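Two complexes, one shared chain (chain A), two partners (chain B, chain C).
And then the complex of A and B:
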């Protein structure tokens, strides 16, 4: 019988962080796809869905907030986790609040422990 | 159409009322914000420098806020962390008791009555408002 793995989409513009997250999540048993920014993620989400979305909040082209707003209506069942290390025009505090308002279950501040993210993904969704 | 200036005034009054309720516990708004952060942040990010980064504030001002909270017995130093040997902080039981009476909770409870559409409208409005306060947005 084929194994029914949880699927995750990692959206992160920094290659090293993206690959590090991919390895950590694959190590935890998830089937991971990656996108370099929100635009690429939106294109992928037009044709398939994922159980979990892990997205950086500050990215070029389409940032994490815009991504969250775009998918609220189309992928309401997908669990979303934000990650952020700061960026222009908004404080991390404001970005974290906005990310949670627009659908992120939790926002992780860089640097964070991969295990914390994995624990959150494996925990029951917050209602 | 509802006047934007009146909305801005009301927003300011809400903030001022929350601050006023916070003063009743002998704490300034920045001190409340620091306690909320230190109570919720992961242990490795409970430092004055991470608090400053989170809020986008100068580290000197945040260090003074933290010193005051330590003096008040609401925050304790629990060791050092990282290569820079930053002091790792934690909130005390007294701070946790205080946070149980956080004036923000009353607002959150009051907003529970909003239906999804009204929440979305408020979220959009608040996002526009917070963005307007950020450097380079005007």
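And then the complex of A and C:
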């Protein structure tokens, strides 16, 4: 077991999804913090950093893409995973390719198996 | 034309011959060299003149014996004529008594005195104002008994209006009658021919709105009056004794001839079309002559006596101006100019001859020269009437040919297209049909248009058209669906009422177009638009539902893990899992069927639309410190997949954002490429690439991004461009920024492509 737990920030506006993700990640041994939207996440990221960021792409106030852009320069070491259920403007595919352009390692399409996300987090980060 | 010119030449020669003095047997030209003098106050009595003859009379030098005679009514011009002896005359075969004629219609009054030695014998009077007593002759003539006058002198006391040049003849009385009759016949014939030509020209000119003919008609009209008045016909036979009126008319008509001649010359030689300025000068000259014509009564009424100087001057000016116009027009239309000169030459030569005779000293009056002048005026004007008529006929024929050629051309155009052109009469029967045929509608001449349309579609469609045609209202792009066995066709009908025309009984005309393709294209676009909106909605719904399903699936999985062992609970979890997965499938199916947003991305789109879409999609995703400047000019229509362009733009813009370190402007341009394609560039003002980096920029997995770029961005762009047969070109140098230019080659015509697709279906 690693001495220092990996830290993760889950950004998701839907409570049920947020909580289920938190439980899944905590179950996998991560120390999980949660934010309801991009703005809240940015506030948290001003004071501390996380090993992993899991963010929804389509959220009110500050959405996932914007969040990715904002933190791109400030948290280069943080691994980013996107999750999305689609949205009215961009298709899921367009959204994921944009997220990848802005530095997301992978984008999961809801409903996905949380274990796949955990596997991706636990896999060695790409160099 | 050759015949016409030969004829003109012949007339010219005859006119010249007529100018030669001729001495026929039985006539004697006795005016030449006779002594003359002028009594300005008219106070001398014949007795005084006879008594003091040696001092008063001066030998005449033939030339303008009356020059300088003041034009007052009182002035008397005296001529002393010697009558040869009986022996001298009988030798020439004179058989009758004599007529002494003074051939000058401008004479107002003459007293003739037969003088033997100092004794005044017979006294004779001729007064133009009293034609009945003057024997109804158009110039003074006196019957003299041979025995009375042979070997005597005759003193003539003449009063005139202004200048005069009289030929004085002594003629055998019977010979005189014959000659006078012939003269009248000749003049009447001349006037008759001119009147005929005049009526014809006025009718023709008015009918064709042709100024040339109307000016020529005015020429003829004025010339006719000029001949009637200067020859004394007017005051002798039409309005006996009206000498003053006749003189005024003679002057005015001479000026009107100048006016009409100048304008006619300009129009006949097409000067207004060739040199508008010169034409304006001609118009001004014509107006000047017209004003002079209006002022001409002053010359007679106020006895101004300026015409004797002004007349020849103006004539010379008119001839010179006409010659100038002919010379100018000769450069562009030599044949027309030549024809003009040929037709005028008899008159012009005659006028020149007359002027020469008047101006040359020692020549004096030549008999018949006046007749020659009138004759040549008539000949010239009539020749012109003929030329002008032929000219008009020729122009009309050319116009007709042009009209036929035009009609044929438009018919040919109409046949090329698929549109049908029709006209119907008041009963709705087709009276004219041209152009292509519309599939499924059996139109034919004589058939009822609306019945055919109703058969092809439905009576409901035809009824409003019938109303519009009957009420003569315009129809604009009325669309009608025609049902054929294979598929639906659409036609568009437009029409306008026709004004009444004697050539045709059609009352309404219009066009039928086959707009099937257009309608299909339009409805497809509408459908795509609707699907796009629906897709956006479906996307939102899917997002919500996916969010709801996600925890159900994952929490069920976790619970199942915890509560392992109980078969019934396992079964419950199976059902929850199944149900939620089915819900996910429903959402997925909904997205698949309505995901026209994605369909739109995979759909063929014109490049410029796809680029605009890409920019619109990317712009909101940019940090506020980045500005994308997009400029474009019209590019050829190149069909691309919108998703490809989004991918390409996204990759390039991401690189640029990285290059400018997250702050600055990125310029995107879309312009036509030289070879007919289009060129899309993305430029940034970042630090640029070194030569070594630039060489490897397109390699897969090569990246300079310290924070972990994938290294495939440009490689993907390159691959997409290759799919389109296009190319990628990177211009960059250290500290110079980077410009990535993508060239899309010219694609197929979208219409051709569409038709190919339809054919495949």
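As a convention for this text, the second predicted complex is superposed on the first by the 123 of 127 C-alpha atoms of A that agree within 3 Å, B and C clash if a C-alpha of one lies under 4 Å from a C-alpha of the other, contacts with A are read in each partner's own complex, and residues count from 1 in each chain.
Just so it is clear, contacts are C-beta pairs under 8 Å (C-beta built on N, C-alpha and C of every residue); 3 or more make two chains touch, one makes a residue touch a chain.
Predicted model, so just to flag it, every value in this text is computed and none were measured.
Undergrad: Is A:102 in contact with chain B, with chain C, with both, or with neither (first, second, both, neither)?
TA: Both chain B and chain C are touched by A:102.
Undergrad: Of the two partners chain B and chain C, indicate the one touching more residues belonging to chain A.
TA: Between chain B and chain C, the winner on chain A residue contacts is C.
Undergrad: Could you look at A:23 and tell me whether it touches chain B, chain C, both or neither (first, second, both, neither)?
TA: After superposing on A, A:23 lies in contact with chain C but is clear of chain B.
Undergrad: Per the contact definition in the header, classify A:5: touching chain B only (first), chain C only (second), both, or neither.
TA: A:5: touches no partner chain.
Undergrad: So in the superposed three-chain picture, is A:116 touching just chain B, just chain C, both, or none of them (first/second/both/neither)?
TA: First partner only, chain B.
Undergrad: Kindly list the residues of chain A that each of chain B and chain C touches, one partner per complex.
TA: 86, 88-91, 93-94, 97-98, 101-102, 109, 111-113
Undergrad: How about chain B: which of its residues touch chain A in the complex?
TA: Against chain A, chain B makes touches at 37, 41-42, 44-45, 50, 53-56, 123, 126-127, 130-131, 134-137.
Undergrad: So in the complex, the part of chain C that touches chain A is made up of which residues?
TA: 536-537, 539-540, 542-555, 557-558, 580, 584, 591, 595, 597-598, 601, 617-618, 621-623, 643, 646-647, 650-651, 654, 662, 706-708, 710, 713
Undergrad: Going by the contact rule set out above, which residues of chain A touch chain B in the complex?
TA: So the residues of chain A in touch with chain B come to 86, 88-94, 96-98, 101-102, 109, 111-113, 116.
Undergrad: Please name which positions on chain A make contact with chain C in the complex.
TA: My answer: residues 14, 16-17, 19-21, 23-24, 27, 58, 65-66, 69-70, 72-73, 76, 84-91, 93-94, 97-98, 100-103, 109-115, 126-127.
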